[in-house]
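Scroll down for the structure; my scribbles are underneath it.
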Amino acid sequence: MMPELGKYAGTVLSSYAVSLVLIVLLIVVSVLRSRRIKAELQRIEERQKKNG
Amino acid sequence: MELTASDLTVARGGVPVLDGVSFALAPGRALVLRGPNGAGKTTLLRTVAGLQPAMAGEVSGAGERIAYAGHADGLKSMLSVAENLQFWARVFGTEGIGSALSAFNLDALEDRLAGTLSAGQKRRLGLARLMVTGRPVWVLDEPTVSLDTASVALFAEAVRAHLGQGGSALMATHIDLGIPEADDFDVTPYRATPRAALRDEAFL
Amino acid sequence: MSIWEYANPVKFIRTADVLLPWVTVAAVICLVTGLVWGFFFTPEDFRQGSTVKIIYLHVPAAMMAINAWLMMLIASLIWIVRRHHVSALAARAAAPIGATMTVIGLVTGAIWGQPMWGTWWAWDPRLTVFLILFLFYLGYMALWEAIEDDDTAADLTSILCLVGSVFALLSRYAVQFWNQGLHQGSSVLRAGAVTGVDTTEKVSNVYFMPLLVSGIGFVLLFLALVLLRTQTEIRARRSRALLARERSA
Amino acid sequence: MIALLTRDLRLAVRAGGGFGLGLAFFLIVTVLVPFGVGPQTGLLTRIAPGILWIGALLACLLSLDRIFALDWEDGSLDLLATAPLPMEGIVSVKALAHWITTGLPLVLAAPALGVLLNLAGPGYLWLFVSLALGTPALSVIGTFGAALTVGLKRGGLLMSLLVLPLYVPTLIFGAEVARRGAEGLAVQTPLLMLAGISFGVAALLPFASAAVLRINLR
């Protein structure tokens, strides 16, 4: 399955690894922050609704 | 030309503090804003002086006719008393600082560095600055803070002289200024109903 | 029905909620297709060997690094002219994405440069410009973080973005003047140049299609992230607004 | 306007640090470089124009936060805003005062420091010219950065982060003039570009600085 990368295997693989790690990191951070802020907003909204 | 505020709404940090304020200040008159701390007197004065935009309403007869003095005196401690005054006189394109010095009893201190003055002396120098601006409308925020009785009397005298020349003064304070002929204007009834800042409205 | 309706935060959040799954799915499909196609099913270049496979990351990332800044510039202009809050928040949301894309472009470029030029880093004009662009992103984000008042922060960062754009462009010409560089010619629509094949040859070669798909994938990924992050910024802003109202009441 | 300029200059003289500090910093950077790279005169001759430009740039950066911070703290900035001066004029005068107190001494001192770094013969003239033409741009750009961060508590570091990328084109063309001059090459192109940047930012950037300052004052 793995294509023959020849003497540049390390170069190509590390490029892909670094890029994918960075992209995944960005996505994870964005999603986690989105969830946190969403929950926080919901809490505030519900509390304010309860208190009138 | 009189200074008028019509239906003015002023905001601090985007949150309205005073709503629908209207007043007129004719030449030769003084108006004293009164109200508890945090009522919005400073915000109103800064708005009238054009340092911040009004949320609603209009101010007319202000702009280039106003000399503003806030909490800070804007003095340079490394310049002498005379140099501080001369600087502002030149900025405002007027001449002669003698009368301003004597009005606030600063003649003897003329060559002292402003940094070496006491708090009350600094305040007097800050007020003397008003006289060299040559502007007809004085907008003063707590002008008599840290002044002793004698200095308050000097200040009252200076304001009276200014009014006598057809000037006017808008002041905020909660202590007696010794200017009985000034009109009082209580800002408490204009307190804005608690509501969100205008710029937050889109998010509510 | 005007486009400015989407400048309403609530409307934006609702629309983004509808769009987000579709954009995400499309982004994943394009990215996976483009990268798998490129990584597994393209031949080696006769001169660069297998390193040519880096192109499917390097070029789209570099492209998005610039496009993200352009999007921020447009959003800043909209904020200054029309004062739509969503626009300012979208610019704020895009900055970290652009910065990440810049880093990817730089890192893949450096890794690629090692076997090709024999050095990790060369002060090549193209690389240098991206380094400077990264500094601009850092400054822009730091300014957003430093200012507490939301509208003041939006105003100041917008002006910084405008001024920064002019200076980034100036830097580009300055850097080109300063060093002619090792970097090959721009490659997006002339993929032939990358492979060393005569550039006049037709663009339809084996490297171009996967590159195109991967590029579309990066655009969609950027879009999805901007939608998500802008939603987050709007919600955070709404939380602050609600708390402020609570305090003042 | 002239009153504001003379006041700022007088304050710089009285408070000390205005003229002296930047200059001393410039001197120290220049002296430290040979310790860092070794005393070979050939090497020093080659890098002298660049080092002197970097030193001047950093010395300039050092004093930027004083442009508005002091006036902001003591309330003068509010009072100036209500004075009959356009904000654009105020920021231009502030930039000019900064250049006279910081940039000009650096321009004058640079040839002397060039001796320490064994600058090549024809380099002195072009170093002087490039700094004389380039440092005003550094002051104007720095004023923009100072205006952006004026109200912030820890604005100094942030301001460096904002200003340094903006300095890149000026530095490149300025150092290029000095380098080419020292090597006896043609300097016309970078010199024209440097002049273009200086006049361009002096004409346009004060509008941005003034807008930023108004936003920060409200």
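Should a chain be cited, it is by its letter among A, B, C and D, assigned in written order, with residues numbered from 1 in that chain.
By our rule, contacts are C-beta pairs under 8 Å (C-beta built on N, C-alpha and C of every residue); 3 or more make two chains touch, one makes a residue touch a chain.
The structure displayed is predicted, hence computed values, not measured ones.
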Chain centroid nearest the full-protein CA centroid: D
From subunit D, the most remote chain by mean C-alpha position: A
Centre-of-Cα separation between subunit B and subunit A, whole angstrom: 54
Centre-of-Cα separation between subunit C and subunit B, whole angstrom: 50
Subunit B-subunit D separation of Cα centroids, rounded to whole Å: 37
Distance between chain centroids, defined by C-alpha means - subunit A, subunit C (Å): 16
Sites on subunit C at which at least two other chains make contact: 238, 242
Subunit A: positions in contact with at least two other chains: none
Multi-chain contact sites of subunit D, meaning residues that touch two or more partners: none
Pairs of chains found to touch, sorted by chain label: A-C, B-C, B-D, C-D
Subunit C residues touching subunit A - in the complex, by the definition given at the top: 35, 39-40, 44, 49-51, 53-54, 57-58, 61, 96-97, 100, 103-104, 107-108, 111-112, 114-115, 221, 225, 228-229, 231-232, 235-236, 238-239, 242-243, 246
Subunit A residues within the subunit C interface of the complex: 1, 3-9, 11-12, 14-16, 18-19, 22-23, 25-27, 30-31, 33-34, 37-38, 40-41, 44-45, 48
Footprint of subunit C on subunit D - complex, ascending: 144, 148-149, 152, 155, 158, 161-162, 164-166, 168-169, 172-173, 176, 189-190, 193, 197, 205, 208, 211-212, 215-216
Contact footprint of subunit D on subunit B as seen in their complex: 49-53, 64, 66-79, 83, 87-88, 90-93, 129
Residues of subunit C defined as touching subunit D within the complex: 132, 135-136, 138-139, 142-143, 146-147, 152, 155-156, 159-160, 162-164, 167-168, 170-171, 173-175, 177-178
